Each structure stands twice: as C-alpha cells, then as structure tokens.
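One chain, chain A, links the two complexes that follow: it is found with chain B in the first and with chain C in the second.
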Partner chain A sequence: MTKPVLHTLSRRAILRGAAVASVAALLPLPRGAFAQSPVSGGTLTIALPTEPQHFNSAMDSTQQVKIIAGKIFSGLLRYDLDMNPLPDLAESWEVADDGLSITFNLRQGVKWHDGTPFTARDVEYSVMRGFGQNNGLVRSVFAPVTEVETPDDHTAILRLSVPSPAIMMALPVATATILPAHIYDNGGNIRENPANQAPIGTGPFRFVEWQRGNAVILERNPDYFEPGLPYLDRIVFALIPDSQSRGAAIEAGQIDMVYHSTAAASDARRLGDLPHLSLSTDGYLFDSTVCFAEFNMAHPILGKTEVRQAIAHVIDKQFILDNIWMGFGGVANTPIHRNLTHAHTDDAPSYPLDLEEAGRRLDEAGYPRGSDGVRFRVTIEFTPFGDQYNRMAQYIRQQLAQIGVVAEVRSQDFPGWVRRIWTDRDWDINVSAITNASDPTIGVQRAYWTENIRPGTPFTNSTHYSNADLDALFVAAAQENDPEARRAQFVEIQQILMTDLPVIPLVAIDQFTIATRRLNNYDQLSDGVYAGFADAWLEG
Partner chain B sequence: MSTGLTTGATGARRRRGRYLLRRLGQSAIVLGIVLLLQFTLIHLAPGDIADVIAGDVQSDDPEFIIQLRRDLGLDQPLPIQFAFYVGRLLTLDLGTSHAFNMPVLTLILDRLPATLLLMFSAIALAFVAGAALGTIAAAFRGRWPDVLVTISALLFYATPVFLVGIGLILIFTVWLRWLPMSGMYVTWVQHTWWSLAVDIARHLIMPAVSLSLFFVAIYTRLMRATMLEVLSQDYVRTAWAKGLSPSRVVLRHAARNALLPMVTMLGLQVGSLLGGAVLVETVFGWPGIGRLAFEAVFRRDVPLVLGILFFSSVLVLMVNLLVDLLYTRLDPRIVLR
Partner chain C sequence: MAEFIGRLFRSPSAVIGLFILLAVAAIAVAAPLLYPAGPWAMVGQPMQWPGQVAGLPLGTDALGRDIMAGIFHGARISLLIGLAATAAALCIGVAVGAVAGFFGGWVDDVLMRITDAFQTIPPFILAIVIVVIVNPSVSTIILAIAAISWPAIARLVRAEFLRLREMDFVASCRLIGMGNTRIILTQILPNALPPIIVTASILTATAILTEAGLSFLGLGDPNVISWGTMIGMGRSDFRAAWYLVAIPGMAVVLTVLALNLLGDGLNDALNTRLHRRK
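After this line comes the complex of A and B, so read on.
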C-alpha cells in the first residue's frame, strides 16, 4: 500500500532543492519514514478555504469542488508521481496503434453509493455529456471523441475522429469525474440536478452532510471496490475562510491539512518545520500553473514584438520567485510548466535582467525618453487570485519606472477583472496565471490559439495573439501519436512563444500542502490531495 | 374620574396603534429604497454571475455563457429584472440563488440563527460591559480607575476588529489552547443538547468578544459622559444630602437615568454591528449571514445579495422600532406621536 520510502525521500529532496534538503536531514524524518503497516480508523479534518456551490467536479473543477468530489467519485485512471497511469474504475486499457480508439476494461462488481451497479453506460454518459461537454478545461481534448461503444457492461471503447494523446493524461477523478448515468441522464440540465448538492459516487467516501457555511462531512464507504479500503472512517472539510486563521488552526492541531497553498506562503516553511507538521509540494501535477505578465496585442505600443522583448529585460524572475512566491516554484523560462517533463524545455530565448539593454531596445523601437524622462504610459491589471499577483504587478511597475515607462496598477474583484480582460478588453498589461493541467494541449494551447480568440469568454486567448505557424503546431501536437515527434513540436512552440512574447512567463508555481505528520499517503499520486484518499491513513 | 382614566388608556392604546401603523408604512418605503439602491449598486460593479461561473468552469464555449445568461434572465433589461424581483418579493418569494442553485430563503434561514446569536451576544456584552465601565469611570472621575478605563476604551475603539480576532486566536488557541478557533460547533461528534450548548458557547466566546470590543468602547465613553452629566443634577445632590450611600446614589439614582442615551445608541448600532459581523465571521469561520453576503457580492449573485439585504434591513428597522417602544417604558414622560 505505502510507496517505498526511498522514492519518497529522493523526490522530496529534488523538489525542495538542495539547501532545504540538507536542513531537512537534521530535522525529524518525513512522515512515512517509520511507516509501519497502515492503521484503520480516525477522522481527517481538512481546512476548506472557500465554500463550494456544489460537488460535481465533472462540470467545474475549482479546487474547493474537486477536493471533496475526488473523495466521493472515481475516475477511470489514477496516475503515479511520474504520470504513469494506474487502475481506478478502469482495470486495464489499450490505445490502438492509430490512436483512433481507446478501450477501457472496467472493474466489475462496483456499486454506486445508492446500490445501483456501475456499468459502461456511466462511462458513456460521462464522456459524451458529462465532463466531455461541461468541463471547459478538457472539453477540447475530448472533442474528437465521436462515440463511446459499450459492447458489454464492463467495456467502454472511445472512438475518435483524430488521435488525441492528451486524453490518456486527462482521466483522473478530479477532472474526468465519472457520473452516475441513472441519476444524471434524464434529459434535464446537468447544472440543475439536485445530486450536485447531495452527490452519489463510486468513490471511497460517501457524502453525509453539508452544513452550509460550516462543514462538509464524508464517511467511509463500506462497499468500496477495493477491499479493506479506505482506512479513514471520516473526512471533515471545515470551512475556514481566513488564511491567517487556517495557519493558526493547523498550528494548534485543530485541523489536519491545509491544501493548495491556502496558508500564507511566508508562514508555510515555519509551519512545515514544526514537529507535528509536514510540508509537501507533491501531488499537484494536474494543477501545474505558470504565472505571467501578458500583453494586450491590440495596444499600439505593446503590440510590437521589440517593445515586449525590451520589457522582458526589466524583470528579474528569480527575485519574484524568492520574494513573492517564497521559493515555492521555479523560474519559468517558457509558458509550459517544468512539471510537464514530456513537453517542457529550457532551450528557448531568454531575456536576462538588463535595464540598459531594455532602454536601448526601446530607443531603437522608436520610444526614446521624452523631456520629462517618460517614454510612454501603460496600465497593469492583476488577477485577484491572491496577494502575490498584486505584488508582482507592483514590482513590474517599479521596474518599468526605471526605464521611463510609467505604469498604473489597477485592482478589481474577480467578476470585474474577467469583464475587463475578456469582454471590455480595456487593459494593457495583465499579471495572471493559467493552469497547464497535465498537458499543453489541455492547458497551454487555449491561451495562444487563434481559434480561441473569443471575446466575452473567460480564460480563452486573452492577448488576441495570433500566429498561423504556432496554430498549425498546436493542432499537430494535439493529434501526434509519437511522443518524440510531439515533444519536438512543443519545443518549437516554446521557442516561437519566447520569441514573440505575447506573455512573459514569470514563475512555474509549486503548490504546497501542510499536513499533520500522522497522515500518510496523501500526496503519492499526481493529483494527490484531489484523489480519493482510499489508502491515506492516520497514525494512532 | 374613572371614565376619564379609561378614555385616557384607550387613547394611549389608539395612539400607539396609529404610531405602529405609520412606522410600518415608513419601514416599507425605506425597504423599497434600500432594495433599489442595492440593485443599482451591484449592477454598477462590472461583471455578472455568468462571468464568474464561466471562469469557474473555464468554459471556452461562448454559447455556454449566452445560454447561462438566458437561463438566469440576465439578458433582460435591468428595470424589467428589478420589476420581476419586486413582483416576486410581494408574494414573499425571494427567488433562487444563482451561485448555489437553491432558494435564497433556505440559504438565509440556514445562516441567520448563527448571526443573530453572534450579534445579540456581542451587543449584550457591549451594553453590560460599557455601562459598568462607564459608571466606574464616572464615579472615580480623574482618578486611576477612570484613567485606566478611558485608555482601554480608546484602545478598543482604535483596534480593527479582525486584528482583535487574530490576536485572540494567537493567545487562546495557538498559545494557551483553551478555545476552538473556527466554526460554531464540532461537527463530527454526537451532541446532546447540553454538550452542544457548551460547545457553541466555547466557539462563541472569541467571535463575540472581538465583535463587541469596539462597541464596548463606544458605550463606555457614552455612559461616562452621561453619568457625569446626571451626577451634577439637583436631584443627585439631594440624594447625597439625604445621606444615602455612594453606591446607592450612583447605581439607583444616577445610572438608571443615564441608560436612556445608551438605548438610543443600541438601536443605531445594529446596522454597523452587521457590518462588523462580516469580518468577524470571516476570521472565525462563523457560519453566519455576513460572510454569505460577502461571498454573494463577490459572485455577483444578485438574488442572494438582495435577499440578505432585505432581511438585514428588516432586522435593523425592527430593532429601531423596538427601541422607540422601549423609551416609553424607561421614561414615562416620553409620548409616542
């Protein structure tokens, strides 16, 4: 059940960096180091930063929905930390050589929490009308699926019009939630189904109660398809909306876990070093997020490539990583997160901090300093996801001032920001982030693809950058069955993007979890805390 | 003689009835204005619930957003949307929350008890503590108890409520480990009614204290000032001259009369108390209506925002009406008109 200790340690050490690892050697061993055999029982309390509106992660994979839904539902596959697929509802699978069909052999004897047997029809419904239609993040990946054949109750065959290799990387419970067809497939609107608030899944935990504004309670599913699992009796999601309070609560031992970096980053390392707590950045591969400064390509000055390249020279990414993200992540050399090892490259143009070079390039581009020392004025917006984005915007404003570009930072709440960026398009520079998910076809293409210029629709191509060569590469990569050829396409894509610079990637963010040391096996999968916790257990 | 008395009593009752009717009429008008203002204000903020939902689901499908706006009636002109809302409200239908996809009334009733408990605990605490401290300060004017009380009151007045909250958490939860810091009760154990009451009380202490401190400061200063004024009045001098004990003079003769302005203040403060509740509920994860309002605004959930505002306005108006009625009890010289 438990993963080999050595593996845990080495990966941990690599991700934390050598300096932290050497300190870690002096500290108590990471949890799991004494891992005896797992113990059954216990209640795990997880701090929930935001109240979810429902528990249907097939149509909305925000973190507060999927952390809960992931325990109640199952997906077709799980993934180990190196993204190798493992069985979940699918026992085995086979991708045809031409990539045009994928066969899943489903586990037998699985029951929904209401006792109805799980069959291939549930898979068909979920792919064709569940997550395949409603989850914006993976919709494009599943778009080539023309039908799901169900020759018997335990076989589901996806037929594709063109190959879509990203599908095999997009099937964890958190994004590709398998829904009960007998409850959802009734001709009604999926958003209005009452089961969204009282979910019925096949996962290791059953929904018990939603105390609005207070807590969500799940209990062990005694009929879970893996015998003997889960170990935990109960999971309580306690709503704690304030980040300082979350930090205090875990420090005082009143809760067992803070996930997805929802304690103050400045406090996280201190908390992680406390004897009863541990800090982990594992298990967030599906949330691989890169933050960046992006440009409105319609801007008369910022629309010019030379200007954007000049501006790139004023930004010290390492400074941002160390001082704003407190070291949680890596410098982003391209818009593809380094976690996506099958696609990421460092072999792309870079723009080291050099204020003189920046000034020289702006002079050449035809924007010399005026008599008042000012070259031109711009505005900077930032996404209201967290304080870091405000600070990055302020940092860029300060750096721009040094080369004679006067920037004004404006702030707004989430709906206001969405309106401004995608509908009103009244912005110059925007400091934001996008999740790459597990593959660039899912989480990178959408930001640069010409077809995805869709005013009024959030998280589509916001810069209105358009490059026919790049479009062709993205489309080819989305359908490329050969991993080597696909990687080459992604490398070229990154080189083009780092030359044209519609965005300046800043930091490839590592999300962190703070958990009690008594908790084992919560971060051993690529979708870590969002997976089912079937084999997570608490030391007595 | 006796007929005269009866007529007098009936007259008073009739006056009170007319007074109540007029006040209720005024309240309805105020409610309407509040709703209209709030409806206008929330639509002045850019973005709507469709933007929020589309952002949540990261939808790349423009048709999805158009359909969503159509389903929620957001494609109608604003005056028509407002007219529909008021029309439904007149049949006591608060509508459905766009974000939660649930009846607004259910959402509010779920949360209202928690906020009422928090508010009334805080206001009771503030009233009692403020009256006591103010009386002490006035009785010991210029001496060290007065100085101590005045300085503490200033400190309470100047400290932001969320700072008090975090401070209390650090002391009583992280350091001393005496009190639970979040939520209203421990959710995952079987409670008897007694253990539940104790558990809620333990959870209530820090939020109620945080919320009340600001008002303790206000009441203390108000009580002190009024007491000083009352203590200089002739009848108090008479009481001293009669040879009554100091405690009897201060408590029986002076304090009772000094309470009237405090009651006025009580009615006025209910509104700002609701405002403070938003912050306190956020810091302590208290499952009340203040935080629900906060979330509703940030999600542009118009029916929920308006529903909460409707309830809060009714609450404030009712408390003020009660306060006005209470005057006549505290000071029989006051007549309702």
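After this line comes the complex of A and C, so read on.
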C-alpha cells in the first residue's frame, strides 16, 4: 500500500460532494429509519486531528492514541450508555461483599493477533505492571490492588487492601487496555517496547500499517472472539490537522467521521443537519470534562472566600455555554460533570448573574471602588487549547470590568502555561478544564485533595485549596462500597466546593461526533468512538 | 520641498494611498470618541450579520462584540505597531548601516556578518520565536517586528553610504575639518534619505501584515484588538460567519495597499533623475 489514502481536497471533490448532497436532500432518511440488518464490508475513514506517537493506551490514553488502540485491543469490560458493565474479555465478574476482591471469569479461546492464546496472565501483567502502573488517569484507582491471583488460565482475582469501587467503572479498553504479557512482560521498559508502534491486541481489528504523517490502517481480525464480527473490512485513520479541513472533508464525503469535537463547534450543527451526516454527543462518558475558572488561593485578595463568591455572581454560565461552546454541554452547577449521574447533584449553592450583588459583596469584603473606579487588578490565564478558553477568559475580563475589577489576560504556549500554573505559581485566575473520567475518585479528587498539592507536577491541585473535611470525604468515598453512602459523600463534597469556591465551574462539556449517516452502532457504548467498533457497520 | 510635494500630488497612486491612510488615521483617532466602551464590550446578541441590527452596521462577533468598534480600535493597534516597529527598525538599521558604510574595514565586516546572521533566519519564524519566548504584548510584538525588519534597512543605508562617502562634497567637508559624526548626520544621511523613506513605507505595510499574521496564529496581545486578532478570532467560525474574517481582512488589505501606493508615489517623487528624464 503505497498510494496516499487521502488526497488533498480538490475543488472538484467538494463540488461532487455538494452535488451528491443536494440529490440526497430530496430523500431525507433519518438515521435508523429502517430496522435494517447489519451488512458486512466496507472501509471506514476517520479523521485524525493529531498524529499519535504510539498505540499503547495502557500508558497514555490521549484521544489520538485511544481512538486507534481501542480498535486493536480489548478491555475487561464494556459499558452501555448508562454505565452498566457488559462483557468484553471478562465473560462474568463478581465483586466480593467486602469489596476486597474482584473475580473475573475470562473468555475462552481468545487469541492475540499473533496467534498466542490470551490467558489470565495477560490480565495479571496489565493490572499490576501495565495500565495499573503507567496510566496516570487510573493509577490511583488501582493502587489498592495488592495482587492478581490466577488460579487457572481463565480466572483473574484482584485482591485489594481497601475497597476501590471506582475500579468497576474504570475497565474499558481505552484506559484499562489489556496488553499481551508474552510481548511486554520481558523486564524491559514498557515505553520502549517496539510493539507500541506495531501493536498486537485481541481486538476486532488488526494493525496493518502506519504511514507516518498520513494515515494509520487497520483491517478486520478474522479470528475475533465474537463470531461474525466485526462487520467492517478496514478502518483508515487519515491525518487532517486543520479543523476547517476536517469539516470540509466530511461535508464532501471524503471521510466518514470526525470525533471528539474536532470540527469547529460553530459549524457542527450545520454539518449535522446535512442529509448525509449525523451528529451525536453520545459515547464520551469517559471524557466527561468540566471547564472552569479557578483561583490561586495564595492570592491576597482572591484567597478570600467572600471575594470568590462575589466574582461568581458576574459570570453568566448560560451565555458561555450558548456562545462559546455553541450549546454543546450544560451549565456546570458543580465541579462534577452531570454525566456522572451516580455522583452529580444540582443541590449546591449557586451564584446567579447579578452584577449589583457582586459589587455589594466586594464592598462588604473591604474592596470598594477607588477614585478611579477600580477595586483591584488581577491577571487571567487560559489553557492554550483551542479558541474556547481564550474566549472565556475575555468574557470574564469584560464582566469583571463592569464591577470595577481590572483583569489582564495573558497568553502563553502550553509548556509556558504549565510552568506558570504549577511551577512558578505566578497567576491569579486560570481558565481551564479537567476530565472527570467516569468517576470523581478518578477525575475530581485530584484537583482538590491536599495530598495532591505538588508544586512542579502538572495537573495536580493547582489552586492549593486545602480543606481537611473535604480530604476526609474524598478518601472515604474512594473506599466506600455502598453506592448510596458514596453518593451522599459526593453530594456533600459538591456542596463544600460550591461554598468555598476554589473554582467556579462553568460548562459541563459534551463532546460531539459527526459521522456519515451510513454508519451504525458507533455511539452505543459509554466510551463510544473509543471502543472497538466490533458491531459498527456501514449501509451499502 | 514644495517641488517635492507638487510632484507627489501629481502621482495618482500616491494621492489614493495618502487618502486611504488619512482615512485610517482618522478612524484610529476617532475610535475612543465614537466607541468609548472599547472593542471588547459585549454590546449585542452574538453573531449578528452586518446590517441585521440597527446601530451595529458591521454586525457582532461570537461574543456579541461590535465589529465596527473592533475595526476602529483595531486601526489604532495596527497603525501603532506598524509605525513603532518601523521607527525602531529604522533606528537600528540606519545606525548599523551608516557606521558600517562610513567606516568600512573591520567595523563593516563585523556589522554586516551580524546582519547576515539575522537575514539567514526566515523573518516570520524569527518573529514567532521571539514573541513565544517573551510572551505576547504590544511592546514585545513591536520588538519582534523591529528585530526582523532592520537588516534590510541596514543593507540599504550601508550601500548609500558606501556610494556617498566617496563624493566630492564629503571630501570637502573633511577638508574644512568636520568631524565624522557631523558628516554622517548632516551631510551623508540627508542625501541617503529618499530610498530610506520609500523603504520605510513598505516596511510599515509589512509590519502591519506581520502583526496580523502573529495575531492570526494566536500570538497577539490578548488584551488589545488588532485587525489580525479579529481575523484570528473569526477563523474558527469562518464557515458559519465569513464576515468575521472578511471585514478586518479588507481593512488590512486596504491599509497595506495604501502604504504600497504611497511608497510608489514617494519613489517617483523623490527620484529626481527619473523626473528629469520624463
């Protein structure tokens, strides 16, 4: 295969795409209008916004890695859209009543792509030395696992020192990737294993070729453990770094999917309304992300709770949702994403838009307007990832100006921003976001936990907020086996955070996928596009 | 002087260029009077097309900011950066070129090798590197543009000085005991001015374009709006609202065109030999 997979977009191709679209407009067929039976065959082309450096999602689950690795590997579990676990490599599972052991009965007859049988030893390696050691997102969740017993080839028993209920929500292929022990467990460094660039998995698709700077090609695994699957013959990941080009390519029918909101949000609804395309926000539960404005608690003025509460009153979250995120998401009433239904609550203090109230509270806090109308001056940083964070920073600056707080927005490149926030700590307000993943123990605790105040380490507790009561609640929730009691702890956590307000949550973001209407079953799991696509199929 | 102005005004391109530039300058001066709330104020519904709402003739952007206010205030920043960067580049370039050309020898060698070193780096890349390292603000952007612009001036001035220093009037100045500094500043420099002035007008145009390019890449000062910032901000909404890019883009095109026209006109007017040949 030497021919480039994706030619540069020609004018003619766009016109052809437009012509097809206009004919199709006469026959508007909503997706799933017919209960058709799946068809085998076809090539699915997915736009890749950034080229990955490897395909090992056990050590790095950034989106460009896991979109590919998810098709090649398998996890122990899948999750439906309500986060109910479904079998993947594990056929059945049982969590002990005390939460101190989890038994997985593994599928029999599964083979790695090189023909080696899959056994419990692969699970043992992956949990103890694979993702359990190397995937920063879930490492803390698996830390209580003391050993993995393998009484036979098809049984793996996780033994825990304390219960870790988040484990059962952290086993999809994209983060808890099961790696082949016979290739990785050789005493070498997992990061230097050549299989990271030519992966061998148990998943529905086999790795064929990586044309660097151009495309990654996968083909159907004929020996996949679910008979008759997968339906697709090939999946091609075509590298298209520019978001406008991705939008144009999918409009013209040159590619079949743009995932994880990597087309312009302002364009997404128009594209989704085209007769040959569909728009979906399902299948990103593991990427549940909340964007926020956070405060440096060491700041002499912003360190005061009354000041932060006053500032919260100047922000209209609905405006940010509608005009900066183009409606993709919901107003964030707490730092826990509404997708995490087992933990999220709206029952927490809120600070509706009220400039007068904000001014009054600042007066009371001892910061009246000076003779020049200015109360005090602050700086605003923003994470340099796309336009949205810059726009939110600009919006907050304008709102603050109305109550006499003069803010200067500073921009820097990504390493400079990381250094400023976590190492130099030379910042006042920071506009950023955090992935909650599927559970607050995984993706919320890290931002507020006193033990996670580690200057110099990126993506730890950046505000240096510290509250012993909150710490105790987080630790208790991480080990709480009873879902109801655990939920109560998370509700209390959200109420404390919305009172102390180390961050003002802004928008609970919904990621979106734009795909051809011919494609079925790509967004039916909680990790949607990052899952295996074993049952995804293209209409003829 | 009167003769020069007369020649300038006989050149249609110079007149058109001057007219546009005066209009831009008037816009820049009027900005704080007409739009005292500044270009960042969110004054209306977001994404209103030009003409859709009375009072917002050019519409609003993604956050409901008035595009017209952006164009007016943007003119200030674009002109400020263009003029200041050119002035800074002229100071460095003229000093280096004059010293190198006048004294020659090892001084010339050293200064010209430094100039060469700057010219071997692609200018826009160098500007990006400087702005990224020192963080974007109006002054660092001016500095970065000056840093990439001065070598051209230095080479031009040096060439003029090399030619002029051999002339009889310079020799006579030496004979009457004039010092080097005085000869450079009062005798040679005024005679070298015409090509410098023409180059400066083109340089200002380039500086405005460079600033627009930097802002387009998100490397502008996030606290001020220039036309480049407006283009950069509108880019992600291009398919949905092309006017966000087209309006400030047109402002950049017109201003740069005007500066080039003026440069042509100045070139014709200052080049007396060309004039006599006509």
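Odds and ends about this structure:
In this text, the second predicted complex is superposed on the first by the 509 of 540 C-alpha atoms of A that agree within 3 Å, B and C clash if a C-alpha of one lies under 4 Å from a C-alpha of the other, contacts with A are read in each partner's own complex, and residues count from 1 in each chain.
Just so it is clear, contacts are C-beta pairs under 8 Å (C-beta built on N, C-alpha and C of every residue); 3 or more make two chains touch, one makes a residue touch a chain.
This structure is a prediction, so every number in the text was calculated from the model and none was measured.
Judged by the touch definition given at the top, the superposed model places A:390 against chain C, while chain B stays out of reach.
Residue contacts after overlaying the shared chain place A:339 against neither chain B nor chain C.
By the touch criterion defined above, A:441 reaches neither chain B nor chain C. In the overlay built on the shared chain, the residue A:521 is in contact with neither chain B nor chain C. Ranking chain B and chain C by residues of chain A touched puts B first. Contacts of A:489 after superposition on the shared chain: neither chain B nor chain C is touched. By the touch criterion defined above, A:244 reaches both chain B and chain C. Legend: residue contacts after superposition of the two complexes on their common chain; A:412 is shown touching both chain B and chain C.
The residues of chain A shared by its contacts with chain B and with chain C are 244, 412-413, 416. Those residues of chain C that touch chain A in the shared complex are 40-42, 46-47, 62-64, 132, 135-136, 218-219, 222-223, 233, 235-241. Those residues of chain A that touch chain C in the complex are listed here as 243-244, 247, 264-267, 270, 322-324, 384, 386-387, 390-391, 393-395, 397-398, 408-413, 416. By the touch criterion given at the top, residues 43, 45, 51, 53-54, 59-62, 134-137, 139-140, 189, 191-192, 196-197, 211-215, 217, 234, 236, 238-242, 244-245, 248-249, 251-252, 254-255, 412-420, 423-424, 446, 452, 454, 456-460 of chain A touch chain B in their complex. Across the complex, chain B meets chain A through its residues 45-49, 51-62, 64-65, 71, 99-102, 107, 110-111, 114, 162, 166, 169-170, 173-174, 177, 180-184, 187-188, 282-285, 287-288, 291-292, 295, 298-300.
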